[in-house]
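Two complexes come next, and they have one chain in common, chain A, joined by chain B in the first and chain C in the second.
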Partner chain A sequence: MRHLKILEYALSSLLRRRYKNLSLVAVYAFTIAVLASVLFLTHALKTEATRLLVDAPELVVQRVSAGRHDLMSTESGERIGAIPGVAASRPRYWGYYYDALTEANYTLLGVESEPAGLEMVEGRLPAAPGECAIGQGVAGIRKVGIGDDLILIDSDNIGTVLEVAGVFRSPSDLLTNDLVVLGRDDLIRFFGYPPGRATDFAVEVYNPAEVDTIAGKIKRLMPDSRPITRSEILRTYAGVFNWRSGMMLTVFAAALIAFCILAWDKATGISAEEKREIGILKAIGWETSDILELKFWEGMAISLTSLLLGLMAAYLHVFFWGATVLSPVIKGWSVLFPDFRLIPFIDPYQILVISFLTVTPYVASTVIPSWKAAVTDPETAMRG
Partner chain B sequence: MNKHRFFIGLTLLQTIFLGLLLMHGEARVATLSGQQLPALRATVRSLQLTDLSLWTEARYTRHPSQADRFTPFQDFPSALEHFPAGSIMAPVRSDSSQP
Partner chain C sequence: MDALIRTENLSKVYNPRRPDEFQALADISLTVAPGEVAVFKGPSGSGKTSLLSLIGCMSRPTAGRILVAGKDVAKLPERFLTRVRRDTFGFIFQQFNLIRDLSVLENVLLPLYPLKTPLGEMRQRGEEALARLGIENKVSLKVRQLSGGEQQRVAIARALINDPQIVIADEPTAHLDSRLSADLLDILGEINRLGKTILIATHDPLVYEHSLVTRTIAMKDGRVEGVSQI
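After this line comes the complex of A and B, so read on.
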């Protein structure tokens, strides 16, 4: 009962300075919402990437010439296929296309035959020459759909008319937004690949435990090659959004610094009015512990309300509104950028970290200066 | 004695709402993991995809897993990395991880 009465007094005290405290809650909740949005977004992207890319090729072998990615001869693929332990070595044909009309970059990918059972395609993948399947981003920016013609300029500067046979469904935007999938021969003709050349090779290995050994053998056999294992691909995406990424460092650090300034302002001293109030309370018989409890409840009421509001705002922002505030920051110069429809993977540890990093310093910075005032003589405290 | 009741009620209401949001998230993860993820993984497998289609502005931002960490500086001698997305993402995997 005594604690409830102190809480009641703390709330009355906060309401006496309602506009100041309301603005404090607004700024505090906004800071937490920014911090939590960045953490939710990066964690969801990271988790989705790692869950999807476990089906990426086990080993990709590129050729590096003069420090740059170069085309590989199909003969190299045969040499890789002859290494013991290699189940298959399949050439991949893909490249980039800059569309001057929309100023967007597309990724063009050649497929040999229509892979069976792709639910994520509305329509179908190209089955005949002159057909293509496109991502939602390409369909949107070029305003084409199934049955329409997509005109791209090939390496000889001649317009190539492709009939859109399929469009990738929206849930796959994170993977296929900028894709234009063509038949393999169409792609070879389009980019003007020299005969017997492929972009790189996807290598299948019988025993997953031998992938690194086979990568080492390929490197020894062809010193100008660069093998990239699936675990490296997964590691890349686990690292792309870690704390060293610019997004985390800029947004997260800026919000954290803003919060530190807020807490520092509180910690560096309490106003003369608050000191007088503490003096009066002491004079009428409040114990130091009662005053500390009062200040604890004041800090708790502000920080708990702000934390809950901030976390709710961050969740709604990232998983309901597609991170609309953060998207322009992340987008950079990308003309085609997918809408975020992320699967809400949440790490409870992150919520605990946000709570600990924000509530504890704020409550401490409310209680500690008050403790200094509460142990002073009431008369001195009342005189400010 | 009304203010503390109001505060406790409001805090409980906020906690319940946040709890509902998190439960909604859990339910969506369960549903999408069962329905959507297998279809997306089949797309990755069939098309032999290696990267997310996030940043399309440069080769090394479109396929970070397929690029070296020095790729952003290869446009011309002493070129500086100038694509905004390059400053958003962390440096790609370490060279020491290569066989």
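After this line comes the complex of A and C, so read on.
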């Protein structure tokens, strides 16, 4: 009862200074929103990448020539397949395509069967030569749908007409947004691959724990190869997103420090009026602990409201509005991400960290100066 | 009769060992019996307010003892001192010391917030206190909307809400005209008839010459110049 009454008084105190406190909450919530947006987006992207790579091959082998990715002979696949511990070695046919019309990069993939992890929104996979299935990003940017023609310029600089047979859906657009799937032979013809060449090889191993050993064997067998394990890809994704979010947070640190100075100044610069009020409360019988509790509730009310508003704003920004403000910096590798929508992933640990970094300092900076006033004689404190 | 308040060789130095050191009180020894109306009179700077502040446990003496109902409060830890202040004293300050943005009722109820008194009972006690002082129709007004005399009554209601044994009034007529001052003295008389001991600091003859007063303590330069029992 006693604590509830002090809480009630704290809330009414905040309402008395509503304009000052509303402006403080606005700045505070904005700061938290930016900080949380960066962390939410980074974490969601990393989680998204991890989810998508579940269906990725455990090991991909590429060929490097003069330091760049080059096509591999199909014989290489047979040599890889002969290594003990390798269950299968499948050639993959794919490549990047720059579309001058929309100034976007697409990923072209040649398939013979349905690729894992991809679902169709409507239609089907290409079944006949001259057909393709496309991601929603490509469909949107080229304004094409099922039955329409998609014209792409091939390696002979001639327009190739592909009929759209289907549009993809996946758990998110990350995997399929920029994707154009066509028949394997169509893709080989389109890119002008020499006969007996593939883009790279997907390798399955019997024992996933041995994937690094097998990668080492492949490297020794074919010194011009570059085996890439799934965990390496994951680490690369994590590294890239962490680096980008780190850059963002570094840039944002200036704003964060400015806010901290503002908060500290507001909270510690306890006015003569507030000191006088503390003096009056002490004079009429409030104990120091009652005043600290009052200030604690005031600090908690401000910081928790700001935290809640900031987290809600960050959640809406990242997961409903596609992180419009931050995504160009954090994602940054394709122009085909305008409708990028992540599946909400929130790490409770991150919420704890944000809470600890924002609520604790503010409450402390509210309570500590009030404590100084509260332990002063009421007579002195009342003079302000 | 046993003294309700006794001070022994009380002194108070502000800013000790600093260039602006100032001795406000020196060697004050006096007693006040229960139910008395004691007036501390003297010019500004004579030490009246400082003495009442020490007796009311609002600050600590530099030397000497203060006994309230036989208990030495001068050296009590802060926590216990607050309890003595809360349970024993009601304060009517010269500047009223109300919180201007709170309503009349909220100001009156302030001393009860940190206690276990239920909200309904708090409200009832507050309204009764305001009714006794004739301002029950101002309950929800903000204090800043009241006249000086009305603010004074709110301050009195707040001082009485905890039913204190001793009421301390510091220059209570300083901001009131003669009619309002007379009203205030009537109110203090009623409070005294309820058995409360009243200590008043004033340099207003209207107060120290009033029939209500039972003892006058004249002060000058931080010392007691004379005590007259009426």
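We take it that the second predicted complex is superposed on the first by the 313 of 384 C-alpha atoms of A that agree within 3 Å, B and C clash if a C-alpha of one lies under 4 Å from a C-alpha of the other, contacts with A are read in each partner's own complex, and residues count from 1 in each chain.
Methods note: a contact is a pair of C-beta atoms (placed from the backbone, for glycine too) under 8 Å apart; a residue touches a chain by one contact, two chains touch by 3 or more.
Treat the numbers as computed from the prediction; the structure is a model and nothing was measured.
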> Between chain B (first) and chain C (second), which, if any, makes contact with A:D290: first, second, both or neither?
Replying inline: second
> Where does A:S12 make contact in the superposed view: on chain B (first), on chain C (second), on both, or on neither?
Replying inline: both
> Should A:N105 be classified as contacting the first partner (chain B), the second (chain C), both, or neither?
Replying inline: first
>> Applying the document's definition of touching, compare chain B and chain C: which contacts more of chain A?
In response: B
> What is the contact status of A:R2 with respect to chain B (first) and chain C (second): first, second, both, or neither?
Replying inline: second
>> Going by the contact rule set out at the top, does A:P129 touch chain B (first), chain C (second), both, or neither?
In response: neither
>> Let me check the overlay on chain A: which residues of chain A are in contact with chain B and also with chain C?
In response: 5, 12
> For chain A, which residues are in contact with chain B within the complex?
Replying inline: 4-5, 7-8, 11-12, 15, 45, 49, 51-57, 60, 62, 67-69, 90, 92, 96, 104-107, 109, 111, 115, 117-120, 135, 137, 168, 171-179, 181, 202, 212, 215-216, 219, 226-229, 232-233, 235-237, 239-242, 244-247, 301, 304-305, 308-309, 311-312, 315-316, 319, 329-338, 343-346
> Across the complex, what residues on chain A touch chain C?
Replying inline: 1-2, 5-6, 9, 12, 16, 276-277, 279-290, 375, 377-380, 382
> Taking the complex as given, what residues does chain C use to touch chain A?
Replying inline: 53, 58-60, 78-79, 82-83, 85-87, 91, 93, 97-99, 101-102, 106, 110-111, 113-116, 118-119, 158, 162
> Within the complex, which stretch of chain B touches chain A?
Replying inline: 1, 3-4, 7, 10-11, 14-15, 17-18, 21-22, 24-25, 28-29, 32-33, 36-37, 39-57, 59, 61-62, 64-68, 70, 74, 83-93, 97-99
